[in-house]
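Following are the structures in question.
After this come two complexes, each holding chain A, first together with chain B and then together with chain C.
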Partner chain A sequence: MTSALSIQDYTLDYVTSAGPVRVLHDISLQIGPGEVLGLVGESGSGKSSLAWALMRHLPGNAREVAGSLRLGDIDLQRLSPRELTRIRGRRLGMVFQDPSTSLNPTLTIGRQITEALIQHRGLKQRDADALAIDLLGHVDLNNPAAIMRRYPHEISGGEKQRVVIATAFGCQPDVILFDEPTTALDVITGARFLELFARLRRETGVAALYISHDLALVTRVADWVAVLERGRLVEQAPAADIFRAPRHANTRALVDAVPRPERRLVHDKPRDQVLLAASEIEVQYGSGGLFRDAPPPATKKIGLEIRGGEILGLVGESGSGKSSMARALTGLARFSGKISFDEHEIRGMRDMNAAYRRDVQIIFQHPDSSLNPRHRIDEILSRPLKLYGGQLGDIPSLLDQVRLPQSYANRWPHQLSGGEKQRIAIARAFAARPKLVICDEITAPLDVSVQAQIVELLLALREETGTAFLFITHDLNLIRQIAHRIAVMRRGEIVDLLPAEDFDADHVHPYTRELMAASPVPVG
Partner chain B sequence: MRFSIGESAMTELLIRLMRRPQGFVGVALLALIVAACLFGPALAPYAPEKIDFLGRFRAPGWQNWLGADQFGRDVLSRLMVGARSTVPLAVIATFAGSAAGAIIGVGSAYLGGRTDEAIMRTNDAVMAIPGLLMALLLVSTLGNGSGNAVIAIAVAFAPGMARVTRSAALNVRNQDYVKAAIARGEGAPWIIFREMLPNVMAPIVIESTIRVSFAVMLFATLSFLGVGAQPPASEWGLMVADARQYMHQAPWGLIAPSAAIALTAIAFNLVGDGLRDALNPKDER
Partner chain C sequence: MSLAWFVRRLMLMVYTVIVVSILVFAITQILPADAAQSLLGENATPEALSALRAKLGLGDPTWLQYARWAGHVFTGDFGISMRTSLPVGPEMLMALSRSLLLAVSAILVTLAVAVPLGVVAALRQGRLTDTGVSLIAYLGVSLPEFVTATLFALLLADTLHWLPATGYVSPLENFGDGIRHLVLPVLTVSVILVAHVMRMMRSETLDVLKSDYIRAARLKGLPERTVLFRHALRNALLPVVTIIALDVGYLLGGIIVIEEIFAIPGIGRALMVAITTRDLPSIQAGALIMAATYAVTNTFADMAYAFLDRRIRYD
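Right after this comes the complex of A and B.
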């Protein structure tokens, strides 16, 4: 039996000014017809380069040193550009990471699907329209005919990814490449996407290469899992086995990094005294105009209490209002309601004095945008010290505190990796010696293994300083490991507020149960 | 100590600027112009106002390298001396206008909401007045002379720069590092000047280098209309205006100063392009 996709001894270099850099070493992979292969690795391990090589869309400085790439009986490396356009989409589909950039914002959804169908399946416009409506209905989109007329910005991220997958399946390819298709989606939307993929796969028998950094997730969708580390294939095994018996050290590290709710990382109790009490917090973006109503508030008069040294988790899908809450507490969004902090009462942004600003720090989700690209690390770290009283000589010790070398003080943010940037953001927050740190999805854009290191660091810093955390995330498994109490938000309301150990109990809100079901629990 | 750090950063910037061909050519041309501004009068073969009736409209040759004008004055000498009254003023006017516009634009983007609306609509109203008309209005109120022309041109340039800067600054305003600065309680001056402004420098630098050439032309126009430099000054714009009448008899009188203006514009554009790349810390190849 010939395999649907076969990679033989594939070696790839990128030519840089410092000489060639090898990104893939002797990769050999086979995907049989109807089989799904999961490819797991940290960022920078070369997974995406492999996907681009298969799509024949390598950057100009790439040099293929050895090996072959075959799709069924076709040698992909020998195709002319014209032959390639017939293969791409038609026989080899691709679903990208970010649905918001993979659709053209100036064309309607209908145009984009039918264009692919007309191009690859030679359909007439009318037949293509009918088929497109059929396909969109098949990926569980409500009212496909209406979706066809909409533009990408008029539908949600999850819907966009469904449109992309409908287009990919509509061309009936032999193999589809998935490059982290759920990373940009929240947990519940991601889980629905995976269900959809499993169903479509059963129906069409398509083979797939599923690339992800999340081992837990890959073991749920793939038959086989291959682990890539710095361009080398270190382990290949059936999905069911790899979690139970990882052989290679790197695989074991990936397995260990997957958060499991039953493995608690925090054992102490918070203090009794309440540090921050927020009540009736309502955040409203934009006001109504002459001819339109005001949009619904992002949070609907909700309250929270955080005790000294406590880790309070705040979970919910995107758009549930969790970040708005963080922005209200840090004075970044206008709000109504009352915050009392250390016996100090705050009713608006103007009441937040320097002491409050020092005591409550926020760390943002995207480390790339939370550090000013035109400031060196030492300048970034010097600001809180100058504002809140501290010595500039503390910068080396701040770097030590977040386990970074002191020489990093002279670097620019772009010279650091994502995890290192996040460490700098953490150091900046802790430079103020705060009493409460708000972490707004800080682990979401990071690899699972880096995420585990960041969480470990935060817990170590908490041990040293006794800081309380408001930890906003959509990763329920992670938050159940570390939080004392967890609040679940949905559409601007808190539907559940429970101690972490009560999550397995029966009295949880149905929405919380849904959220738990959507969180990928590792196999084995 | 501090000074030496600044100095080494400057040399580093210059090296990075010179590494690209367009940066190198731009810097070379600019050096030529600066030399003309500094040493022009000393190097010029004739005095700029030396009249030679026998040499009226003399074609370029060994006596007058770039020819002579209607009074027999040497065009090359007038260009070299005129650089001093043309280029620095244009640069100062552009710089002042760009700086004012950039601060208005970034400030407006930072403040947001109604304040932003008010500032930008006022800005639009000022922009609706044509630049030349604006400059004329100002000069006629303030009085003739080069200093007032500089102010007039700066005011005419500021609204356009404010708009360019604001559109770039709006993106930066939404970045988390600005939010982080607000959350830690930084003052408005720090956020505007240190957090936001460095990140919108690229469009400002490019826009202002292009505007230097407009400034030279605007000066010329003002001189032509009799409110800028006064004859017999050898300001380049004025030279173009004077030579216009004799275009068919002595095209060199027109071509030479026009070429000088164009060369200045090209030099600033090339340096602007080079600076944009060199100022970007991500560009370390």
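Right after this comes the complex of A and C.
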């Protein structure tokens, strides 16, 4: 039987000013008809380059040194541009990482689906419209006819990803490439996406290459898993085996990095004294006007307490109000309600004095946008030191603290990797010697293995400084490893606030149970 | 783009015009010109002067004078020119129509030339075509209007005798002659605008072509032509709409040079004459009409933008 997709001894270089850099070494992979192969690796391992090579969308400096890429009996490397438009989408589809940027903001959803159907299936506009409505209904979108007329910004991220997948399946390709399709989605939306993928796969028998950095996730969707490390395939095994018996050291590291709630990383108890008590916190963005109503509040009079040295988890899907809570506690959003901190009472942003702002620090999700690209690392770190009475001589020890070489002081943010940048953001927060650090989804943009290192660092810093954490995340498995107590938020309200070990109990809120079902513990 | 948004945007335009009318009135109040003196000449008797001041209401509080003036303006009455003793409104509007004809023609020519050039330059980025197009565009924008105007006039009027060198003929009276008189000024203005729009179009096209949704459109298997025209062009055109609206401001203010060179009796020239002769009603009318035109154009640009990109909500 011929493979649906066959990669044979494929080797790829990128030509840079410093000479050629090898990104893929002798890659050989086969995907049978109807089979799903998971490709796992950290960022920079070359997994995306392989996808671009298959789609024939390599950058200008790419050099294919050896090997072949075949889709069934088609030699992908020999296709002319004209032949390529008949293969792309039609025989070889692709679902992208970020659905919000892969749809054209100025065209309707309907237009963007039907143009592919018209191109590849030779339909008339009217038939394409009818088929598109069918397809959108089939991926469980409500009121598909209305969705057809909307623009991408008028539907949610999960809905956009469903539109993308409906388009990909609508052209009935032999193979679909998935490039981290759930990374930009929150846990519950991501879990529903995986269910949808499993169903469509059963119905259509499509073969797929599923690329992800998350080994646990890949083992749930794929039949076979291949692990890529720095451009080399280090392990290939059936999905069921790879988790239980990883053979290669790199695979084992990936397995270990997957957060498991039963493996607690924090064993101490917080102090009894309450550090911060917030009550009746309501955040309201924007007000009504002559022609429109005010939006609903982002948080609805909620309260929480954080004790000295405690790690309080705050989980919920996107839009649940987690970040608004963080913004209120740091004075970045206007709020009503009361915060008591160290016996100091705060009823609004104006009550937050320099001492409070020093004691309560925040680390943001995207270090790319929270570090000024025009400042060197030492400049970034010197700001809080100057502001809060530290000394510039502390910069080397700050870098030590976050396990970065002291020489990084002279670097620019763009010269650092994502994980390193987040370490700088952590160092900046700890420069103020805070009593409470609010982490707002700080590991969400990172690979699983980098996430594990960052979590390890935060816990070490907590050991050294006794700082309390408010740890906001949508990863329930991760937070159950480290938090003392966890608050679950939904639509601006806290539906559960339980000790971490009680999450297996029966009395949890139905929504919490749904969240737990969406983040299953990996097999094996 | 909801009806509410539409109404809000129109209200914003109205506010702008009201604020401008107050500023225009205030400036003419501060100018060292006495309306009565200007009307009667230097040899007027003090009695005649004070009689006329009373008649014109110049002794009234400033706000009352403004209200009276604004009320008249609202009904289309801009007053009587101190220079020609004719109503100011019709004269200024006629001048505006000549300038607008020039401006609109120049913008149409610019769009027809600059948009395709910008796209071609982007598609051939870094190659000879790109460099050549950019070089010519920079040359055009760096030469002052009077130099380009003179060069065009020397070539097309003096040497080749294809076109009249100066003057204005209304296309409504004699279409062919009107157009022939328009060509030189439109060319001169377009040379500058083409550079603006072309550069903007080039960089926007480059940005858009790098975007994820263009990659997605290509990988969906759409032919390059569809990717370019349906997916890229519309998004790349968005900022051009804004640039054009801003250029209308330049055109209305800066067109005076062109109008002088080619002897076109447009609004720039009319305002210039009004200022040099201290003809207060004409200054007020000219300034207000220009500002209103600018406000209307920008409102249209915003609406065009909102139509092209539905994400826009001016809150």
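Following the convention adopted for this analysis, the second predicted complex is superposed on the first by the 523 of 524 C-alpha atoms of A that agree within 3 Å, B and C clash if a C-alpha of one lies under 4 Å from a C-alpha of the other, contacts with A are read in each partner's own complex, and residues count from 1 in each chain.
By definition in this document, a residue touches a chain if its C-beta (ideal position, glycine included) is under 8 Å from a C-beta of that chain, and two chains touch if they have at least 3 such contacts.
What you see is a predicted model; the values in this text were computed from it and never measured.
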Which of chain B and chain C A:P384 touches, first, second, both or neither: first
Partner chain(s) touched by A:S102 [first = chain B, second = chain C, both, neither]: second
Which superposed partner A:M55 touches (first chain B, second chain C, both, neither): second
Touched partner set for A:A146, first chain B, second chain C, both or neither: neither
Which of chain B and chain C A:A240 touches, first, second, both or neither: neither
Partner chain(s) touched by A:A354 [first = chain B, second = chain C, both, neither]: first
Partner chain in contact with A:T330 - chain B first, chain C second, else both or neither: first
Touched partner set for A:E115, first chain B, second chain C, both or neither: second
Overlapping contact positions on chain A, where the chain C interface meets the chain B interface: none
Complex interface listing, chain A residues touching chain B: 17, 330-332, 352, 354, 357-358, 361-362, 364-366, 369-375, 383-384, 387, 412, 414, 425, 428, 432
In the complex with chain C, residue positions of chain A that touch it: 55, 57, 81, 84-90, 94, 96, 98, 101-107, 115-116, 119-120, 151, 153-154, 164, 167, 171, 286, 290-292
Residue ranges of chain B touching chain A (in the complex, touch as defined): 175-177, 179-186, 194-195, 198-199, 281-282, 285
Chain C to chain A touching residues, read off their complex: 4, 7-8, 211-224, 226, 230-231, 234-235, 238, 308-311, 315
